[in-house]
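Each of the next two complexes has subunit A plus one other chain: subunit B in the first, subunit C in the second.
Coming up: the complex of A and B.
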């Protein structure tokens, strides 16, 4: 759960990902996932570092970085704080969301807990909205085996449209497959076709209406669908981040559109009971 | 027999999650919370149609713990009162 933005102060997160896109000589890999799924364990196993692992909320509020070499290429691994969602309820979620959206890593590994997979897929679907270059790492498969949980990794990969690798980072199981999947996705050798949540008529129409304006402002630099959804949501944190990214000049038009359409969306009666799915917006 | 709170004036068959007896399970009908709390509940997998089990109760009766999509989550009374569930056995 972690700290809310109110409790920790709005200015706690002083590191901004908006200013500098990471250097391109390394391939940048982001590591996202729910709290307690073993992101930091995967991070240590891949980099050989000994970053602190521990079980309490908010452990990794600011990101940790490490490098490793695989097939002659240098990969920079960025450990993001654990979150259930990227919708900026807390400092951690804002850090993770901003990083994935604005820093544009070459690939994102979403670490999920094999023992409660369903609950983790919400975050996977949100990440897929931001970037298609995702590898899902189903961690703790040893724990799942002990609980007699069997996971059909091939079917999951087929449904999500991205590579899925089973791993037990604690004892090194599956790490080679993970490394090769990451390299494949980051170098675009593996093509992905991410499963996107469809939100039904009203929302999809609005998305189609504002998508051209967003594409015009940002190009294909990052997930325009994600940004459009956040603007429809009236997400102030994302609006502030976009303003900073653009240097404040071009924002007014998009924002005006957002308030008009966002307002309509929020007061639509019965909207929330119609829309289904884990990433439902209220 | 489940005792339904009369003062809430709920539509038939619905009770608040807070009133779900321990050991019973029900299906989420709607979430009355707004803003961040609503967002957070939905992020935890609490959307209409989700099955919820009432697991345990703290000595004072508040908070109560529920099993939601494989995870145990505790809600305070004021949070649980805002979630409407339908008693439907599996």
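Coming up: the complex of A and C.
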């Protein structure tokens, strides 16, 4: 939609969105995807905000957050920079990877472009290594229809092991299914079992070798596989991020009791695992 | 970090060290190729592609990004947008101005009826109201036409093609190819353009892009360029001439951007340009309705609102300056007289320089302030058309084509508005670069204007 209030003038320096909702109550949803697949359009469609959208890659430079309410629950949506992979080749990739791994969102939406699914799937497969709680949003299905490309969404969901929703965010098509899939995955009403990529005997053996130590350190609430790969690759940035995570701000989200009992780190239970559960709330 | 987890991390890192020897050197390649294979096999299963239809994207790109037609089509599109703007903005501008000045007479009548002291009428009606009226009638129509047109191009996916076309030239200037994208954003708003510079990874090239961003005219400066261009060709028929002048200005601004980038990359910010990949996104059918609503509501109203906020106090300042007398002359005349010699050197005059100084908070009010200060020293009250503006400038204040040209050049090249400078400070975190972001354009503007004015006078063209 071109420049907006938030993206031009003085407000470029002070972007802030809906405030006043207590943050710990929110379910955090990360929005990932290749550049120019319409992440910001999905973001706007879900939150009702008017983030700057434009048809060029790399447009989202501001870290955008917005909130929306669905079935009585508050969802915080975080728009990550668009990346082609999470192999930490650039700042954006590192930011996106670290966020998914260490911020531990309750669900991650990967927006993919229906007109070039194959290239977009690379990112989906990498995200699945970090977190199993993924919803794949196949965006721009209207564009694909125009180009006579047909995608078997059910089969794709089977192949990936996570929910897949077809959408044309610009027209609002598929948004309801997307909202319900996000809520389902975030509250674990929908269980996901992603089919992970196998890297061949040698690499798999190495991964298996360090897996126990990683599980020991982090529990199994997030992607030990991705971390293991980064460590094997000798990625210093990820080691720094682990140190920060262990010592930093996130520690406040860890139950003190757990720490005393042998230092197991675990997130506080999310909003929806509280008594009653979300389904009943809605 | 608790001791236990710190120890565990060390254990883990040690374990990793032990097996690092067994890690194949091509680990990353293996990972990537496994992922690609899997993606390919999934895509193969789920995607059904019917026989390829006529590929519009590729055909369009053949023309819009070709060596031969890339540049001409770019300039043609730009010219088309300006032509629509210049032609379309004329009539509503006149109508708005007419309405507002009828309103002024009514307000003055009201003041007389209420028996208010003369200064109340002066300050509120001749100061605040008149300045606001000018801002709205001069700026609203061109913005309301230009913004939707430009947003349309952005939404369709034309901007990355511009970047593609310009990439090579920017490289040769020692700058980053993505600078053409941030420059395009600058057409909308220089502050947004400077934020967009974050997409450039290398700090050296990012600074070059930030320092040169204000050389493309932003929203706030287009109305001035368009109005003065209209003035230059007044009476010569259709607005084709005015369009060519505005396009010329924009192209000149881009050339200055390149020249200054080149200079910076060879002096203050030495280095080799880094390479990058830019994906050309598909063309998309723009959502015309939404674009018009959003660009009117968000951009037009935003820019106008900002201009109005700045224009109201500016109106007060101008009125006070014009009506406080020291000795025989008003303060405004004193200040303008003091600035006049320097103004003349640049082909301008003291009042114009005053307007640019007072316009620092927002460039959109420069022209209204100038009109205000001219009016406050003369006797004319009603201005409702380009012809009236022509009378005021040419007959009343001795403008020549050189004055108009130099004012356009100065507006194009001078320091960015306060918001943009503040953004540069926030982004670079350095007062030095912020100061340079103001000084480099200012010096460029002074150099170009004095050169043009000097040459024209020397050749006896004026």
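The rule is short, and it goes like this: the second predicted complex is superposed on the first by the 215 of 282 C-alpha atoms of A that agree within 3 Å, B and C clash if a C-alpha of one lies under 4 Å from a C-alpha of the other, contacts with A are read in each partner's own complex, and residues count from 1 in each chain.
Just so it is clear, contacts are C-beta pairs under 8 Å (C-beta built on N, C-alpha and C of every residue); 3 or more make two chains touch, one makes a residue touch a chain.
Just so it is clear, the model here is predicted, and its values are computed rather than measured.
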First, second, both or neither for A:213, with subunit B first and subunit C second: second
Touching partner for A:155 - first (subunit B), second (subunit C), both, neither: second
Subunit B versus subunit C as contact partner of A:190, first or second or both or neither: neither
Which superposed partner A:231 touches (first subunit B, second subunit C, both, neither): second
Which superposed partner A:239 touches (first subunit B, second subunit C, both, neither): second
Partner chain in contact with A:49 - subunit B first, subunit C second, else both or neither: neither
Partner chain(s) touched by A:91 [first = subunit B, second = subunit C, both, neither]: second
Subunit A residues touched - subunit C or subunit B, whichever exceeds: C
On subunit A, the residue positions that both subunit B and subunit C contact, one per complex: 4, 85, 87, 115, 117-119, 122
Subunit A contact footprint on subunit C (complex, rising order): 1-2, 4-6, 8-9, 11-13, 15-16, 19-20, 22-24, 27-28, 30-32, 34-36, 38-40, 42-43, 45-51, 53, 147, 150-151, 154-157, 159-160, 163, 178, 181, 185, 188-189, 191-192, 195-196, 198-199, 201, 219, 278-279, 281-282, 284, 287, 290-291, 294-295, 298-299, 302-303, 306, 419, 422-423, 426
Of subunit A, residues touching subunit B in the complex: 4, 84-85, 87, 89, 115-119, 122, 272-273, 276-278, 280, 282
Residue numbers on subunit B that touch subunit A, as the complex places them: 30-31, 36, 38-40, 42-45, 47-49, 68-71
Residues on subunit A engaged by subunit C in the complex (per definition of touch): 1-5, 7-10, 12-13, 35-36, 50, 52, 54-59, 61-62, 85, 87, 90-91, 115, 117-119, 121-122, 124-126, 143, 147-153, 155-156, 159-160, 170, 197-200, 202-203, 206, 209-210, 213-214, 216-217, 229, 231-234, 239, 242-243, 246-247, 251, 259, 262-263, 265
